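If you scroll down you'll find the structure; I have some questions about it.
Chain nomenclature is as follows: A, B and C, assigned in order of appearance, with residue numbering initiated at 1 for each chain independently.
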């Protein structure tokens, strides 16, 4: 398992595609499945659009509207909105690797979503080779 | 990696279960994990109910209500609602294969979700055998 | 593939982390990917916060508010809200195993989410070892 780190701002979608490509190269992952895992409960790992930066802002605002911060949430830390957004967007993502390349669509990138920063965060990579 | 294609309408849930079963048979995938991957940013891959066609209509309308098209979205193409629905429902799905059969619950099917069609779409299959 | 069972109440997040750890031990899963799969269409498998029980209540209420039960849903069984919550939160979860230990963040647990109980439910485990 490989551990990667990043430092986040208050909320945001952080493009980790280049880091994943670098790790695939460094560890010579040739062909198989790469699981990207977020060990935090107020963050997530997703695939999303990588061209127009406005898409990220729209996605974050849509999640904020669908799962708002609410006064009547019970959790004493007051960040239940961040936990729900993490649970709904998901912490574990299986990706395809072929010919030592990460398989993504033309307009896709892989993002670490921060819902409760700023924080020092990490995510894990686990590669399973096909035979 | 296997590439599959489909042509979608404006919005919808397209049952790809039969195609997956055919590919498992054709490529003699016996026992392992099959990742179904959508390389598009306004579509997704999900497991859902496969009996009553009304469930699909209800799911699509629920996503439309939770993540509506909004005038104040920033993305210049105006389809941020489709990007958010894709990100939330997910583009990568690991499925179990045993005895050359796709493991699904009695009422489950695998669906390609289109949020911004009509389009010619593709999805990828990657099989990792257990040892 | 390993089959596990649980009996649920009307709605809830059921912590299955201990059961997963016991199965990893029992079947000596040393290093690889463990897929946890829910074969039901009104339930799901997620990773979430495992410390404050109030987080679970807040997550369930947030999902209820974002995807409410509605009179105008078409599905004859009247539980479309449960199908949509299952589809959005996801039925298949890949987890990392190393040194015969389940890799989770300090505050994470694995949960079976019930949206339409009480029911007798099952979930499946499939382990793929790395080489």
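A few points about this structure:
Everything that follows uses one rule, which is that a contact is a pair of C-beta atoms (placed from the backbone, for glycine too) under 8 Å apart; a residue touches a chain by one contact, two chains touch by 3 or more.
None of these values were measured; they are calculated from a predicted model.
Because chain B and chain C carry the same sequence, their contact can be compared by residue number, and under half of the numbers here are used by both. A turn of 120° superposes the CA atoms of chain A on those of chain B, with the angle given to the nearest 5. Rounded to a whole number, the gap between the C-alpha centres of chain B and chain C is 19 angstrom. For chain A, residues that reach two or more other chains under the stated contact definition are 33, 66, 88, 90, 94, 128, 131.
In the complex of the two chains, the chain B residues touching chain C come out as 32-33, 46-49, 52, 54-55, 57-59, 61-63, 66, 88-90, 93-96, 98, 103-108, 128, 130-131. Residue ranges on chain B touching chain A, taken from their complex, read 1, 33, 35, 37-41, 66-67, 73-77, 80-81, 83-84, 86-88, 90-92, 94, 124, 126-129, 131.
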